[in-house]
Every structure is written in structure tokens, then in C-alpha cells.
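In what follows, structures are represented as C-alpha cells.
Both complexes below contain chain A, partnered by chain B and then by chain C.
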Partner chain A sequence: MKKIEIEICMGTACFVMGSANLMRIKESIPLEWCDQIEVTGSFCCNLCRNWKDSKPPIVNINGEIITGADETKILLHLVGLIKEGNDAEPE
Partner chain B sequence: MLNLNNHYTYLKKELLWRFINFLYRDGKRSAINRIPYEMISTTENSRRCCVYKDREMIKFRLLAQMGYRFTDDFDESYTLQEYYDRTDKTKAADLPVLTVIKAACSSCRKSQYHVTELCKGCLARPCQSLCPRDAMTMKSGRAVIDLDKCINCGKCKTSCPYGAIVYTPVPCEEVCPVGAIEQNDGSSIAISNEKCISCGKCTRSCPFGAIVERSHILPLVKSLKEKDDMTLLLAPSIVNQLPGTMSQIKSALSDLGFTAIYELAESAQIVAESESDELLERKSEGHSFMTTSCCPAYMETIEKHIPELKPFVSHTDSPMVTGGKIIKEENRHKKTVFAGPCMAKKVEAFNSEYIDYVINFEELGALLMSREIEINDYPHKEEECDLTVGLGFATSGGVAKAVEHYSSEPIRSVSIDGITGKSMNLLRSFLKRAPGGDLVEVMACEGGCEKGPCTLC
Partner chain C sequence: MDYFIEVDYSQFFKKNQKIGGDVFLLSRNKSEDQIICTLSDGLGSGVKANVLANLTAHMAQKFAFSTIDIIKSAEIIMNTLPVCKERKISYSTFSILKIHYRNGSPLRASIIEYDNPSFLLLRDGECLEVNKTVHELQRAGAFKEEVLYHTEVNLEVGDRILLYTDGVTQAGLGTKPYPLGWRENNVKAFVKNLMKEKPDLSAYELASAITIKAKALDIYKAKDDITCSSIYIRKPRRLLISTGPPINEENDTVLVDKINNFEGMKIISGGTTAMIYSRINKTKIHVNIEDFDNILPPSASVEGIDLVTEGMLTLNNIVQLLEKRTPLTELPSNAAGKFMKLLLSSDQVHFLVGTKINEAHQDSSIPFEIGIRRSIIRRIRTALEDNYLKETTLEFI
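Let's turn to the complex of A and B:
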């Protein structure tokens, strides 16, 4: 199965608003999910310039942008993706 | 203490960012009145009773950023702009460092044990038989604690097989090592200035964010805008607090408008060397031990709570003051700004002629965000000198290690990792029975400065 890619923005604004701690997301998810996801850091994605629609920290999961990201938001998103993956996989 | 990334810390940093944006934008001064409305929209779910209270609390937080102190007779009837106009923008806030936003304080009731509805009023009643003060009575089939008799020992809680007894603490009181939190007539807490050591633990533990630090950001931004000759003294704990390498961080900070960046790891090495000489000298004079002096919250603890220990504290200045001295002796018109994770440094700076402003890492981060400075965009340069020993000052045990590094004789050290009621008793006991080492390193924050109250990660 293709891994779920979590790309966490490490630009100044995202870092200051909490993205550094999100890099350790693997510590707070179920162990069996860990080998299904890949966490990487990225340079500033320039989305944080306008706080109105996109608050930092910004996280990109399989191409979908999550703004104002925190552990809960990422976890909720992962639950959906992993369930989807499991359903798609033939028994 | 609360986790580092919660709704309150996010709000605090967002507020700083908006405030600094306002300070840099030379537009209408009335724009400051809009900040609470920009942050809390009517459609948003309020965190308190209503959005109007949420906004009012933002106003008070902004006032603390301007350096205001909320005394009993504080007049809250002006608008933000009126306060802003009245503020002396050239002066850094004085002492005390901390102030309480009374309306934000949830007026937690006294720490107590409480029997919940999970109680089954069982036959064995271990809570009743174990209570040393006979405070447990039964009323309509459920245990009830007589709070006049209860001494908060917690035996009932641990004995209940149903987990029916809970403990509700007053979070700020719980973490304050010196008993400086006073319950104020049931309406809000107050901080006793005679007792407070400005460690900042309460600010990080209050779930309502009611205890705030009075900032120096206003005079600092003014100086930055006017391009004053200013040196930023960067605490060793900066490592890992911002993205990029040290050289990238330094270039980025220069672009904020500081004329020079001085790494305090450098003066920390001077301090460690001087403390190692001092220790050997004291030992030859017959002293049994010496404690470090770089932690300002510890120095406050000595001053206010354990003055008997004063003769054993090192006379060497902290890395901040040593660094400030070097800069000011070169040119006394230069301004010096300390940036670190610490609140108590404001007390030390207030009492020193060598430091003008103190800002914390949250404020530094917000400044970079506001100026849209991207640290990763700067080229990385190799460091000219090795400051590994000095950088150790940020971590518990690191100061002792640095002193050992420079000592010509072997040193045995004891590390006090975090000031708590317990460790204060241990410190007092050293007067009667010398510690098992020559050097006692004391850090008020558990883990050292890098775990200080104003850190970013």
C-alpha cells in the first residue's frame, strides 16, 4: 500500500505556531499506523501570509492542506484516510 | 503544567503577532481597537461565557503587552487606543513581572477532595475507616467530606475502589514553589510580591491564562523602528527554538534590525571559567560548597526565602549580565536586549545597568513572523568558534559540566533540577549537612532553561 505522506511546514511562522512539535506526531498515533505514514518537513509553503483563510501551522496530507493544524486535526484526517485504505483493500 | 501547544498559547502568539503588526504599520492608531474583533469573530464559539468577554480578555492581554499592571485601582474604562496613546513607549515595564487579569481568573475554589456521584455508599467504606480526621460522613447513601476537618491527605481517594473521589487543585497554587499565590476574597487570586520569585510556572499552568507577563515589546519595537544601535543577547537555549541552523538564525535576527547578535554561550564560558576559579578559591578557604548563580529565579529564591544560603552562592555574574557588560563597556550608548525563555530575567535586568530590554522566545518568534522573515532562506555559514561548553548552560547539569570543564581539579557536583517545595528543603538542609558535592547547580525550571516558561518547542 502506498504510504500516507504527511508534510509539515517548517517555515518560520508555522514553526513558531507549533509545527516543530507536530514532527513528533508518530509518538501519538497507534503503533500499527506508524509504518503506513511518512512524516517529512518542508520549507515555507507561503500559505501562511494571509491568516484569514489559512492559519499556520500548515500541514499537507496526501495533497490535502490542513490549516491551523494540531495533533487532533491530523489524527482525525488520518483516521479517515486509513479507513478508506482498509476498505479499498481486498480481503 | 499544561502542554506547550494549546489553545491559549496559540492565542497568545497570534495576539503578539497582531500587536507587532500594528506597531510596525504606521497607519491609524485606532486600528488597535480592532484587534479583539479580528481575533474573536461573532460566528466563533466562545471559550468563555460569550464572545464579548473573550474580546475583553484580549484587550487586557494587549494592555499587558504594553506593560500595564492590573492593580486594584486599575481604571479599565479607556479604549485600547487611549491606553496606547497614554503609554510611555520609551520605557520598559518595571517590576513585578507578573500581573493577574482578574476577570480572566476562574476563581478556582480551594484545592479539595470531593466525592462524586459514582460513590455507591458501600458496606466496607474504606474512605471512612482510613480518614485520619474523621471527616467522612454518610448522607443519603453517599459519602460526604467535611471540608472543615479535611486535611487534603488523599487517603480516601486512593482507597476508593470505584474511583469515586476526585481531587480538584488550584493549578497555579499547585505549581508555585514558594506559596506566593493568595486566594483573594473568593473573586480571583493575587500574587504576593514579597514571595514571588518570577519563575513563571503559574503562567504556564493556569488553564484560563489569567496570569500574564508584562512585556517590553513596545519600547523594543520603537527602538527597532528608529534603528537604534542595539545588540541582541541570545540565550543558549535558543537552540531548537527556531528552524534553521544557528548561523541562519543569527542572520535572520540581524535582519530584524539588531546591529549585532551576541551569543550568550560565549559569555557563559567566561562565567564557567570564573566560577571554577571561585570554587577552588572558596574550597581553599574552607567553604564546604558553592552554588551557581546564573538562574535568576533561584537568586530570587535565595533573596526572599533562604537568605541563610547567601554566603554559599557564587559571586560571578550571570552570562546575561557578563555579556551586557562586555557590550556596554565597549560603547555605553549601545542598547542591549536579552532574548530567552525566562521571566525572572526581567527582575535581574531591572536591577542591572547593563540590560535595557528583555524579550522572550515567543515575542522573538512573533517579531520574525510579523516581518515575514524566513529563516531557512538564509545561507548556512560554518561557526567561527566552538561554543559547545557554553551552550550547555541551557540544560540541567550543563552549568556544572561547564565549570568542571574549566577546572584544574576534579569537581563533584550536585544538580538541583527544578525549584519545588521539596528541593527548597533540600537546599536548606545543606546548611546543616553539606551536600555530597563541591558545586551545587540550581535551575528553577525542571530540565533547565530550555524547558523555561516562554519556550516555543
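Let's turn to the complex of A and C:
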């Protein structure tokens, strides 16, 4: 199965709004999922200019943008992705 | 002649002392094209010696900047120095080094020494013998012959001057290998050997190599304050710091061209700026998440650039480190630490500052003030010039 890529924005606005804590997301993910997930960083994805629609911190999971991200939002998203992955895989 | 004058010093205090009796002062007078440094060793150690050495060094520094002849000013200082009632000797020794670097004329150094070990002039790995003029002073109350040595010498690129206190020459006094202390000849041999092995040492590295060796000879418990200052005339090392995107997007290519054409080390500080660079040069940014430490966002690497960091938070941190004169050994290992190492190993720093305002930084829901790029850069420049004697230039885009 292809790894799920979590790209966390490390730009100024995202960093001060909490992306620093998200770098440790692996610590809150159930252990059995950890090897399916890769955490990387990125510099400013130019979305913070439009604050109303895209509140920092911004996280990009497999190409899908999550704004105002926190652990709960990321975990919920991961649950969805991993379920999809499991359903698609033949038994 | 294109050169840079690098000055730094390294110091250990006598063991159990929290304050030293050796004082080194340095200032650069831009309008007169002069660098003046003073090394003074106060009698005794601890607070009393520190006050005396400070008194001497500051007087020397002020006099040396005035138009009074350097020998005359040394005489005045010595007449002002009180003579100790018990020991009948004057309170402090001093060396004053004055370098004139006016463009076009040759680089010239004047050195006045009083009771400090003789300075060393190194050229091509050899210690040069210099002619010293001797001035004898007769002061009322002094019990011994007082002699000032005055040296005038022309300097070349690659030259180094070392000034040190008797803590260096007397290191190891009473030990078996050096019953009479390390002494000048052995210091010379040590420096010559070191220069042969590592000719490119920075001023600080050379000074600290000497003080560390001297402390080791004292079996790691310094018996006196150990201070060594070193001056290195060398070709300038240049550094470019590009921070912030240009105010007009059409200028993005101008910015990247300027970065590409710069000769020297390069830092990009700012996420957006880094993105512009990677977009136009079609290179990929790799974020080094391993050097992330909760205080600052991690650094990144991209082809052609020595260091890429986040912008305002990192720069704010840099200002604090610079203004506090954080020692090299206490730098953090995050992006700011890497940034500082590049900054401190260069002589001429060019700031290329984009003037576009990042609206996201101005949002009122951000928990603390991020600040304004231009004022942060101004503070960094002031700190670099005043605390580290770097040359800086600024360009807005």
C-alpha cells in the first residue's frame, strides 16, 4: 500500500498557529498505522494570504488541504483514508 | 587592495574567579578609517583587577581615538594610573593597537606596549622581527624603570597580529616541562606549527587555540587570567541574505537573478522567498524536519543555496542571539544556529530585502506580534556592525 503523506506547512503563520505541535503527530497515531504514514514539512503553500477561507496551520494529506488543522482533524482524516485503503485491498 | 580585518579574542579567568583582570576592548572608527584595540591586565585578579584593567583599557581606547599622538596618550594614561602603595608598581599593563585602513594608502599598524608580553606579527607562517622604538618614562612615585615600546609596521593581506597577557607566557609555571612558564619562544613555535597545519584558521580559532593550550599547561586550573586576542587581515568572505518577496511579482525573476549571480555564501530566509526561488530555478525544496526544535521551524535545503530557513521567527531569534553576543559554543542546533554560524564566518553581509507585506502576519488572531521585516533587519545590521564589526549593505527589492 502506498504511504499516506502528511505534509505540514512550516511557514511563519502556520508555525505560530500550531504546526510546531503537529510535527509530533506520529506520537498520537495508533502504532499499527505509523508505518503507513510519512510526515514531511513544507514552506508556505501561499494559502495563508486568504485568511478567511484557509486558516493556518495548513496540512496537506495526500494532496488534500486541511485548514485550521489540529490533531483531531488530522486523525479523523487518517481514519477515513485508512478505512478506504483497507476496503480497497482484496482480502 | 580588497581585505577584511578580523579581530577576536579568547579568554579564561583565573580559577575560582568569576570575573577577570584582563580586559580587551575593540572599536572601529568609520569616519577615521581606524580600528583600535586595547588589551589591559590589571594587577592581581578578580574584581579589583577587573576595575583597574577596565579603567586602563577605556582610557587607552578613548585616548587612542583622539588626535593626541599615540605615545603622548600612553604617557598620560601611565601618569593617571595609580601606583600601588604596597607593591610600588603601577596598577595595569596595556597594549594599544591602532590600524589605519584608509582606502588607497597602505595598511598601517601602530602598537604601543607597556609591560605586556611582546605582540607577535605573523606573515606567511613566520614570526617577523620588528624594530621597536623605546621610550623611557620618569614618573614621580614609580620605583622601577618604565619603558614603552612603540612599533610602526605596514601590513599585508594574510598578516596576523597576536596580543596576549602574561597568563599565556607564564602558563605552566612551576611544572616539570615548563618550570619557567610557557614563554615567548614556545608560544612562537606553537603558533608557527599551528599555522603550518591549519593556515586558514579564523582570528577566533587561533586565539582560542592559544588560550586552550595555555590553560592545559596550567593543568586546567588557570593560575592567572589568560587572554589572547588575534587580528587577521584577509580576503573578505561574502554572504547574501535574501528575505521577503519583491513588492511586485514581475520582480521575482530579478530577485532570483540577483541570488544566482551573487558570489559567496547564500541564505534564503523566508518560506515565500524560497518558493519563488525554487519555482523560477525549477529546483525542489527539501525540509530537514530532523533539526526542528519547537522554538523554530526547521531549515531546508535547495540546490545552489547554503541555507534555507523560515523568515520572521528565525530572524527574530537571530537578533536576540546577536544582541546577546551568544558564544559560538552555546548556539542552538536548530535553523538559527546554522544561520548564526554562516553569519559569523563571513565579513561582508549583503541583505536583499523584499518589501511585500505578508497579510497573514498581520492577522489579529495570531497569538503574538511577528514584527516588521525592515525593522528586524535594521536591528540585525546594527548588532552585526556594533558587536561583531561586520560590514553590511542593504538593498530593497
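Annotations
In this text, the second predicted complex is superposed on the first by the 91 of 91 C-alpha atoms of A that agree within 3 Å, B and C clash if a C-alpha of one lies under 4 Å from a C-alpha of the other, contacts with A are read in each partner's own complex, and residues count from 1 in each chain.
One rule holds in what follows: contacts are C-beta pairs under 8 Å (C-beta built on N, C-alpha and C of every residue); 3 or more make two chains touch, one makes a residue touch a chain.
Everything numeric in this text was worked out from a predicted model, so none of it was measured.
When both complexes are superposed on chain A, chain B and chain C clash. By the document's definition of touching, neither partner reaches A:L81: not chain B, not chain C.
Of the two partner chains, chain C is the only one touched by A:T40; chain B is not. Of the two partner chains, neither chain B nor chain C is touched by A:I29. Once the two complexes are laid over each other on the shared chain, residue contacts for A:I65 go to neither chain B nor chain C. After overlaying the two complexes on the shared chain, residue contacts for A:A13 are found with chain B and with chain C alike. On chain A, the patch touched by chain B and the patch touched by chain C overlap at residues 10-13, 15-17, 20, 43-44, 49, 51.
Residues 271-272, 274-275, 285, 287, 289, 292, 294, 297-298, 300, 308, 310-313, 358-361, 363, 366-368, 370 of chain C are the ones that touch chain A when the two sit in their complex.
By the touch rule above, chain A contacts chain C in their complex via residues 10-13, 15-17, 19-20, 23, 39-44, 46, 48-49, 51, 56. Residues 10-13, 15-18, 20-21, 43-44, 49, 51, 55, 70-71 of chain A are the ones that touch chain B when the two sit in their complex.
Every residue of chain B that touches chain A in the complex is listed here, in rising order: 4-5, 9-10, 13-14, 240, 242-243, 252, 362, 365-366, 368-369, 372-376, 456-457.
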